């Protein structure tokens, strides 16, 4: 594929009917299916036409693959700070797996309890590329970036309230990271982070 | 004094002449003098009327005290991330000392090299109150806040460029800290942080 | 505890089921329970597993403590401006009490009727640390900060409309306070203010 | 005059030469002259053609009136918070006097030392209309608005740093004032506040 | 009354029950009642305890006055741009009348059809004070301010979409008005504009 | 030319030497020259290599054309509000003339003195396309847009201070214009407005 | 008509009843009807009084014309990036047709798959004026602007999430377009773009 | 090295003396030297102690390496839009070369003249990782991202004026890129982009 990335259904802003039709068309053409931001209702509709489609409720993803395979050279670590960041982390995980990557998750290692992060450091360091998902002040991306020699992709999440401004706080933090190997994708964009991580993992 | 804090000269936006006159008047009345945001030129003028005034060029402070004394119950730790944060950190140090507090500095412990922070952890943990000065993404306040059981006052600095927006990034980070014992003062306000730390240290 | 602060359930963004399970687990381990941002529905679920849990509807908190005790050295004053600021003020009160502090409330003393504040000044001045909760223009934090010699923690609230921008107005006001002993926590963060006040009160 | 307000020279962004020419033309036509935001250099040039023009260095105004007269019904009180607000306060004073109003100034009554404000309360209350000039958190407008039964016009100033955002903090504060008789003009617009106060004073 | 303005019920964020209780208490004490931002449901509840209370659905106000009287010296003109600005304009009208002012309305005179404004110019010019309510680009305040010699109070409304940012566009416009006799209140604050207009009208 | 618009030198951010070299190269190739945002110093350098180049100091443009011609079908009206908007208006004028359009200027017709605008209305209405240049609140674009049946291109200028935010106020106003035939270019972009106006004038 | 544009019903913020009444009045007077931002429910009500009114659900428009005619000189191309931009694109199409213009649509040519755009380039280049509708980063307007010699009107859409800020991203992109023939209307304002395009098409 | 990246001197905000001392110390220890954001004056000082240091005036970098070597697996393409983006692009180039990567530059391929980009497409596609540097609307990152199957790192630049807001426009564009393989670093952060690209190139 031209961009190294297959077509994906971004379900947000589409009707259940629209998503069902796209999924059906793809299924009939033998194309693997990934739908992101999909509600349970959308899943019910897709299951009608793609009975083996699998729903990850936390990630809000629907996945259907004709066969499982692993084509990346190492594994992608998806690291996240708190429970509320999980939907975004899981979107990254599902996307990365859909793109045939091995994925390791390191959850609940936010900087307020930094010893938990250190316990998992080897697992993170051995990844080929690391996705760090964090809301609130997004400090985790800088801390991880300062501990590893692998590319780190930060995903700020919209978790928080008040002066968080729907993820702006974490976004600015990550863009201003004092660790130099960190790049950033849009707020809540677990999908996009996984796309880039996958391109990197397959180099 | 009503608010527990003496009068202080905020030199920014005042003419050299104005600062010199205020300093002279205070000196003649036997009042201790602290001027913040003072240029070398202002210091030269003040030294004319208060020969024993001491200038801290990094902190941009002028201090004159009739006698040194220590009245707080413990010490205030001033922790800072990078070299560029030093002017603000030093403003906090000078202010805290002027207010008769014992001060310990822990500099250059930014989260991009977090092992340096851990090397100094005992010194920080034993303080009565901790001032954390950090620019860029301001992650240091959260990391410290998660490691100590003392009140932490964050001072975001205007260090950085681009999406830093003159310290907004660090300010939002600190306000959204995932560590619960952290409060925040204005960007670059080392003075204000030291005022509150001093009130706390004397409780 | 490492940070001087126990684990707390932040119910916002968690399902009723998730909160119930966490509460149950804590209860079984004999850990005191504080849940913030809890809906009445969540309370009903928690009550099933922790029958003696107490709900403060205004504060949106659920509290269960094995025994009441007071361990701080003085009392924390929670001062608030208007009726609409009460949920945030009460969150601070519940948190501070949960952390074993004596709390005194001084409500409805907004600066538009400043005589009411002066009537309560002694009560405020005798506190060990003061939490000021105010929305709209947040002027109360500066006014109180100028009248006392104790640390003041400002909590801007999201009360208001139009150019209030969900609390931004009060937040900026407090960060720019002309009174020097004032620090600030996130908009609506009564919980965080109480955490820091408690750390201070126990010094 | 159609709008009740004479033509005024806004010197900012005009060359010295341009201001001199406009002043000369007005002088020759017998029109009273007010120039705002005028540098000392501009004043020197204007004095060449209008020898009796008077410069207020703090206010940055040049005034020339053919005869002094008072036409308003009461006096305008110009109340300001701190020393740094004086240029804006003085611009208001000069403009109000130029427009033939009696003016009373109440300076240095910021809320961090609120007793000074109370000492002057009668003078403020007896004005026909009150201009409140304040930077930083701008709380003074709300406090005054809650103490008087006269229209209050708030002028936020750009005094401050960091999260002040060049006066945004004070502007938002005043727009969100909890006191209901307060309206607001642009940041640093002492001129505009005096124009409206003058229209009110002459009703 | 100290501030020249009676107590008013701001119903937004209060429960129906709370408003009903306050209204009942005021009614029993013989105090006139104005509630703003009141829903029809709240009105139904208030009518139970204050049968003669009158609801203005557009303005979202409930009014009960023991007797009608007019105490201002002239009339207040409430000028508005488009149909969608009417709720705010009517809030101003109801508040001004509640405060015993004569009010004249000049509606639907937005600058996109400026001839309609000119048809009503005399009515506007003869007012003692003018409230201009406008959303979108808020140009009407400047245009009116340039045509009259009376104080103009601008009320930006949150009408619009996209780059309107909930009234920010109109707010900034009015604050930057090129007409000098214009001051501004908060977005959608018809109440506040009427309070100040009433203070002015009674001078 | 592919886009209907020739190459133009945007001098801002280029060194004098760089601009001189580009101008020389174009001159030698027989290409007409327009440089925008050019300082007097740059002009002096360009004149060395293109002796007949003409400088418009207000517009900050350098122009050299091999021959004058007019190719548009009607004329472009450039309408501006105040003296300070003239640099941007003149940049539009110079650009439009460089692109072989007939241009008519209608200056100093800001809405604070709207009768001046009405005096020139026929001249504006007879244009084929109208550029409206205005700073502060930018109301002029809406007023003109409501009076004509021709496309109006608004150019917000960065004129103003305080809540003007370097032209943001005028930009938002114009984007929210209640007159429907108005589109907008970037703040201070007289050049871009003239480019589009020229494309329209030549249809 | 004075502005070259007929009266149009902007249904947003109007009740179904209000829109029905306006439509009925217009129908009875023999005026053509265009209502924008109309819900299906509003359409049902309008159909009662204007049985031949046509609803475009995607565009959210109701149209009734007494007779179809084409009066512009060429056609308007409406170019859009992705599926989610279609409602805005269709609002532009319906408006342009209502104003008697021939319209050609070029949909789904976003820059992430730029070959699709090149396939349609002739169709775009032959238009008299081009409307480009794009959300997310809004790059399409610049790309098209660099490929054609016709006026391009950009319509940023509010499509996206996170750092999109409801269309701000696309708006700023289009305002900063490196292609010089591009002007911009408000976010989601397909209506306004079509109004200006129609004025241009009829020159 | 722990993070795979050597120590680098960020000269901005350091005195000439400070940079000279650090460079000297590194030189004496045999460490390779890279200083970014260095003025010519700083270079003169460094040359005194490191005579073979090389200055890139456009990039504002000083480089001294003991020996040249290439250790990455492919080459890094640095693609940039316009002349004004060159300083940032060159900072990326110098950094990437300092980190022992082969670098290919593809300059002046902004989307306003998109044929130039297509001429260089093979060179870009064959890179192992691509850095796209663009200011104004930053559209180039999306266009490139849609044409290649390699990771793309966008660097928004602060080039532009008005609604560019010092690079915010390009930053938001890149964060909202419709092409999924794109991540972003801070505005003007050519250094950071090269750091991540180097980590990727060495995988």
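Note that the chains are named A, B, C, D, E, F, G and H in the order they appear, and that numbering of residues resets to 1 at the start of each chain.
In the analysis below, a residue touches a chain if its C-beta (ideal position, glycine included) is under 8 Å from a C-beta of that chain, and two chains touch if they have at least 3 such contacts.
In UniProt terms, the chains line up like this: A, B, C, D, E, F, G, H = Circadian phase modifier.
All figures in this text were calculated on a predicted structure; none of them were measured in a lab.
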item: Set of chains adjacent to subunit B and to subunit D; value: C
item: Rounded Å distance, subunit D centre to subunit F centre (Cα mean); value: 35
item: Rounded Å distance between subunit A and subunit B, as computed from the means of their C-alpha atoms; value: 41
item: Mean-CA-position distance for subunit H and subunit D (Å); value: 50
item: Whole-Å gap separating subunit D and subunit E, where each centre is the average of the chain's CA atoms; value: 27
item: Two or more partner chains touched - positions in subunit A; value: 3, 112, 145-147, 162-164, 168, 171, 175-176, 179-180, 186-187
item: All chain pairs that touch each other; value: A-B, A-C, A-G, A-H, B-C, B-D, B-H, C-D, C-E, D-E, D-F, E-F, E-G, F-G, F-H, G-H
item: Subunit E partner contacts - residues on subunit C that touch it in the complex; value: 83-84, 112, 159, 161-164
item: Touch list for subunit A against partner subunit G, complex; value: 3, 12-14, 156, 158, 166-168, 171, 186-189
item: In the complex, subunit E residues that touch subunit F; value: 81-82, 110-114, 136-139, 142-143, 145-147, 160, 162-165, 168-180
item: Residue numbers on subunit A that touch subunit H, as the complex places them; value: 1-5, 8, 73-74, 128-129, 145-153, 171, 175-176, 179-187, 191-193, 195-196, 199-200, 203
